[in-house]
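Residue numbering begins at 1 within each chain, and the chains themselves are lettered A, B, C, D and E in the order written.
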Amino acid sequence: MLSVTGVTKAFGGIAALREAQFSADTRRITGIIGPNGAGKSTLLYVVGGLITPDAGKVMLDGEDITELPPFKRAHLGLVRTFQISRELSELTVLENLLLARPGQSGETIWKNFFLPGRVRAEEEAAIERACAILERVGLRHLADNPARALSGGQKKLLELCRALMIDPKIILLDEPGAGVSPPMRVQISEVIRSLRDEGVTFVIIEHDMDMIARLCDRVYVFAEGKNLTDGSFSDIVADQRVIDAYLGGLD
Amino acid sequence: MVSYLVTILSLVAIISILGLALNLQWGLCGMVNFGIAGFFALGAYTAALVDLAGAGTLVATVAAAAVCGIACALVALVSLRLSDEYLAILTLGFGEVVRLVVLNEEWLTHGSLGLPGIPRPFWGLIPEEQYEYWFLGMLGGVILLLFLALEKLLRSPFGRAIRAVREDDVVAATLGKDVVKLRVKVFALGGVIIGIAGAFHSFYMTYIDPSQFSAILTAYVFMAVIAGGRASNSGLLLGSVGLMAVIEGTRFLKDIFNIFDATQLSAIRLILIGLGLILLLIFRPQGCFAEYRLKIKKPEKEPRKASVQTETRTT
Amino acid sequence: MTKSGNLIHRPVKRRTVLRGIAAAGGFAAAAPYIGYSHAAGEDINIGVLLPFTGSQGAYGPDMRKAADITTKKINDAGGILGGRKFKLFFEDDESSPTAGLAATKKLLEINKCVSVIGIWGSPIAMAIKPVLVGANTCMMVSGAANAITEGDTKGLVFRYQAKATNWGSGMAQAMVSRKYKTISILAQQNAFVIPMIDPAKKVFEKAGVKVLDTVIYNPDQPSYRAEVQRIFGANPAPDAVMCLGLLTDFVSIVRETTRMDAKSKIMALSIMADAEGQFLKAVGPEAAEGIEHFQPSPPLSSPSYKKFVKLMGADENAIFLFASNTHDQICTLAMAMEKAKSTESLVFTKEIRAVCNPPGELVNDVVEALGKIRAGTKINFDGAGSSCDFDAQGDQINRSYAVFKIVGGKQVLQDVIKEPEVAL
Amino acid sequence: MTAREIVLKTKDVAAGYGGGDIISNISIDVEEGQIFTVIGPNGSGKSTFIKVLAGLLHTRVGGISIKDEQITPLAAPERVAKGLAYVPQEYNVFPNLTINENLRVSTEFLKRDRCATGEQRERVLNMFPEIATRLTLRAGHLSGGQRQMLAFACAMMAAPVVLLLDEPSAGLSPKFVAEIFDRIKAVNRTGLTVVMIEQNVKEALRIADTVMVLVNGATRLSVPASEIGSTHDLHKLFLG
Amino acid sequence: MTAQYIFNGFVSGMILALPAVALTLIYGILKFPNFASGAMLTVGAYLALIFNVYLGMPLLWAAIIGSLIFALIAVGIDQAVFRQLRERTAITLLVCSMGVSFVLENIARFIFGNGARSYDLAIARPKHFFGLRINNEQIITAATAVAAMIVVYFILRHTALGRAMRAVADNPSLAAVRGVRRESIVRWTWAITGTLTAVAGVLAGMDRAIDPLLGWNYIVSTFAAAILGGLGNPVGAVIGALTVGVVEETSTLFIPPNYRQVVSFLAIALLLILRPQGLLGAAKIKK
């Protein structure tokens, strides 16, 4: 579904990514791991569209999206979350979700005045969907609170919910477990897995190996901006190169 | 007395319309506009010139709205890549340029002599002694219309999207919002509203000159928005009434106190306004009214409130 | 007039009723008639709208003082209309038409003023004229812009000042008479001086004086170095420069010409180069030496003006350009009201020319004049600021203009120019 | 190794950012002259822990003491004055200041007499010769590794009792990693106690005296470095 | 002729340089553009006026005492107002500085009225060098401005305070770890800013007349200068100020002088579009 090939990106002469590649299969959870400085976040930015790579291609469903701005990627069903939660703090939890709903007529000024019925109907449908999503992750009771009042873990969930409102084909998760208490990580993992079962494709960057082990169908290991190896979780933990990368760099 | 109040209310109404524009641009979308006085002058002069050319007040108003809208859109486009404080400086500079052009292009604006005899809407159809009341009524109507329209927008998905842009434009983009388009739209829409205010100012005064559009006006509008509550339109209306009450109320001070001369009293008044602004920012940054937030009224299904409270400690 | 007869019999009751109606939200249009209904002993409220803040703020205080002193004089002498006193209400127009408009409304509606005087800035006069004329209220202005008195069909607007166009041609004539061959014009962009430029140029053209350059500068600039450099630093430099502006910018300009050691002579407006002594204080006698300034002037040698200067408690050589006009405005109001036996603008304004214009016995003291009016004598009032003669339009005629030169830190009168020579 | 004085001690420390605690119940005893290394997978709370030590994050539960003196309530600058120097992981130098200025600014505001003596400066510059030769260069022009050296040097200027290092090898090329650890060892040999957190387990273990393994915010293991026999144990700890 | 314009512009730029440096210093430490800098300049000019005209001191001493007192006032304003808003956004601080500007300007108006005033100082006469007119005041202005800038440069480069100021501007949290107390640095920065602005006020007052709008007239040019140099970069601010001064003056050779202020605005606009980091922005290292 998503394939990244030969992506290279340098910042001020220092290469963050060198010929990086990976692909995410439909309805699978693809994990991306690697020690600090491996270029994982940069890779995610490239896929999300916030950074244009120096070279390489990002393809979504066979379409080249390398140069597409982020909001158009969202229209194609590709959405990402952030490592440090970026909730829209003055909006309520519900509004955070509704915002993500694509193709709302109400976002065009004139339609609010001339097609109020359609806008209202869409809004009601969106609210219903949002409530269903919130219900599912157990945030329904917080719907009317401003997003800034949520705990770190809840914010991560909120980001995930927001992504779901897009009816995405594929969600990129940037460290969903970071800064989240262990029980919450388990909850987030469960949500992700059940969504996968419903047909959503995931790409996850994560440090928590438990989460990776629990979730990922396939894991790519990066080190120093390059692909190191990939395979199932059990494959890669057995790989000496991975151990070396994690425990002591490459020689 | 009544006629005096009508005058004051008419001026409040015009400031309120400006406030509605600023609330849209700054309160809702986070785009600070320090050039309100300049855009206002642009609107007023456009309306006056079109009106004086005999096109009628309706055409004049539409022209003012269009010109201001376009000017705002251009400024927004130019400032796309800039952070908020640069936009502030850019708009301030734009206001200065408008002031200089209005002052110096005598062939068009009569420079500092100003444009007298601007025709008023429905003049002649209404008995002259009642005209001010009707005009205030018209202004009230315009405000009501704008207010309802803006409230509707604010509560619509569009309003949500621009609030999201204000909070975090990267997230908004990630969620599929065309941030550039939204920002330009909002700033232009604000410009349209400022243009309407400018047109009504022209009609009300019947004479405009550059000195009516000094930078202090921008300060007043900011003060009204801050006092009322950023992003709340009803708060803004209250704020501008309160502000005008302070400004005009201090006029009566000098009828009572004779210790200070008029210069000093005027200075005191402006000091009070400055202090008010500072104190509001320090002690009541959210203003008197909170911004609108969509809520679902359905009863809560899970009775888990207690545990929620402990969980939702903010960082 | 039958109505007024009624009022005299039952004044208080009727007034209470009217006021009640007004307060209840009824008739703003009734406001002017309230003044009309005042009984003996009741104060007559006069609005005085002046700039105290903003770019023209420097000019307000003296005019206020003159108004206060003149009013006190009239009131101390027993007032008018059988013992009624003037009561003044001052408002600041903040040098802004919008603020001036609000202030005017306040004066009309809250303070029930029967006339609004002062009104220094032309834009302010333009902005409030529709309101005052609409409310049938007399307005007496100090602004020079020609348009102020134009289009007033009710005869309510009176200008205690020469028209801007006359200033321009008068000043140009003064410069021509000094035999300058080349002249440049340096003017501030404001409604007061801009109309002076074209008439001045016409005079220069007619007299064969060459205008080398005209530079118009904005108010409120950090410096005027570039403008000064362009005018005074030109090669060849003009024989003389006509400076039109206000005090603050002229101080900057003269500092700059002094630093340049500019050779061109300067003629300025007196509001710039004298401004009640502030200019000399600001630049010092050395830099000011030799600067000439021109202004429609009070008749400086007249007893009327001398009396006024004494009243103001100023040095006998002091020149009050605007304050003297404010004095005249109050005096005219008192005399016209006394003559008309009315405080209603539409009524007493008809009598203004009767007490001010010739023919008649020349009087220069307001108290004396009031006495003569009561005695039924036809008078011709001579004011402190001018001879106070008005044409049909409400503009002053027979004004005199004066040219001064600053010599050794003193204002020395050079010429006095009479109106007929000035008007084009 | 004979038992020496405990210079840095934490007792049952817990801390976190938002709702829950990221780390809890952490107690350490750092002996004088030791290199005490905290390792653990990403997200295990290492960074949180060192921030707590440095005083950048509030200690919710427990106490921290340096040479038996309680420093729990002290803010970061005061802890520096007490002898706890901290080298952050990123943004650890002032890029627009020269190297010399970086060195000077790190001591002149500590209200303490024993630091910033010419002697100490001499010692530090001797330790970091590559910096000593380019004193007038702006720090922003240094490479990552050189910045790290400068950051060390700055911390050393305060003549600290304990040096806190936040992932000294992060972002450095492998060639440089070994060098930086050698340098840490060298610094340590001068008698300075070092507490560091590190991802690069292999290199870190090479110089460490004591190792604490942090997993999910709790101490999983705390042993002398020599007792970590094979990487196999760590493998388990790290990769689950 | 052209040389004279350039020289004049240079002197104008010198006066502009001080408030521009002050603006940029505050921006560096507190990260907001201080709109009150114009009103601060006005108050500084009036303070010196008190000592010079009312108390009869020579202008030099009046300026020194006035600026030192104003340094204290600036610190006081910070403590009373800006300190309460430390953690707020730049825009809040900016709007607040507008309020401060109102208060300061009108305190001056309250006490001194609207009239134009001047220092007790004879106006200088020109000397001629190679066809250029130069006078004492211009020399004094240039010398004072240069001296003030050298002092600021010295403070920034060679004193503990300056290092700390730059350190806080670079990375406040690292500075805290190094023992630098941000609050005291902020206070010092305001003191320096206050001194600079007050000195600029005296120079501006010498150049033209003193009235309550004195400082306001410099605002747009000051911002233009600081932005040209890249906000937060003092050396850049000086270069920016000289550029604005020279460009504004020489522009009158090509365009009507009444549009001269548009030149600075257009310069800002163009620069912001093409190089948002300022003319010398690149000289500042972000990471």
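To be clear about the criterion, contacts are C-beta pairs under 8 Å (C-beta built on N, C-alpha and C of every residue); 3 or more make two chains touch, one makes a residue touch a chain.
Just so it is clear, the model here is predicted, and its values are computed rather than measured.
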Among the chains, which has its CA centre at the largest distance from chain C's? D
Look at the interfaces D-E and A-B and say which one is made up of more C-beta pairs in contact. A-B
Provide the C-alpha centroid distance between chain C and chain E, rounded to the nearest whole angstrom. 40
Distance between the centres, which are taken as Cα means, of chain E and chain B, whole angstrom: 31
Cα-centroid distance, chain A relative to chain E, in whole angstrom: 48
Which chain C residues reach two or more other chains? 52-55, 57, 60-61, 189, 216, 218
Residues of chain D whose C-beta touches two or more other chains: 17-19
Specify, in ascending order, the residues of chain A that touch 2 or more different other chains. 151-152, 154
Residues of chain E touching chain B in the complex: 32-33, 81, 84-85, 88-92, 94-96, 98-103, 105-107, 109-110, 113-114, 220, 223-224, 227, 256, 258-259, 261-262, 264-265, 268-269, 272-273, 276
Which of the residues in chain E come into contact with chain D in the complex? 160, 163-164, 166-167, 169-171, 173-181, 284-287
Which of the residues in chain A come into contact with chain D in the complex? 35-37, 151-154, 175, 177-179, 181-182, 184, 207-210, 213, 237, 243-244, 246-251
Chain B-touching residues of chain A, taken from the complex the two chains share: 48, 50, 69-72, 74-75, 79-80, 82, 86-92, 94-95, 98-102, 104-109, 112-113, 119, 122-123, 127, 131, 135, 138, 140-146, 148-152, 154, 162, 166
Applying the document's contact rule, which stretches of chain B touch chain C when the two form their complex? 1-8, 11, 100, 103-104, 106, 111-114, 116-117, 128-129, 132, 205-209, 211-212, 214, 248, 251-252, 254-255, 261-263, 265-267, 270
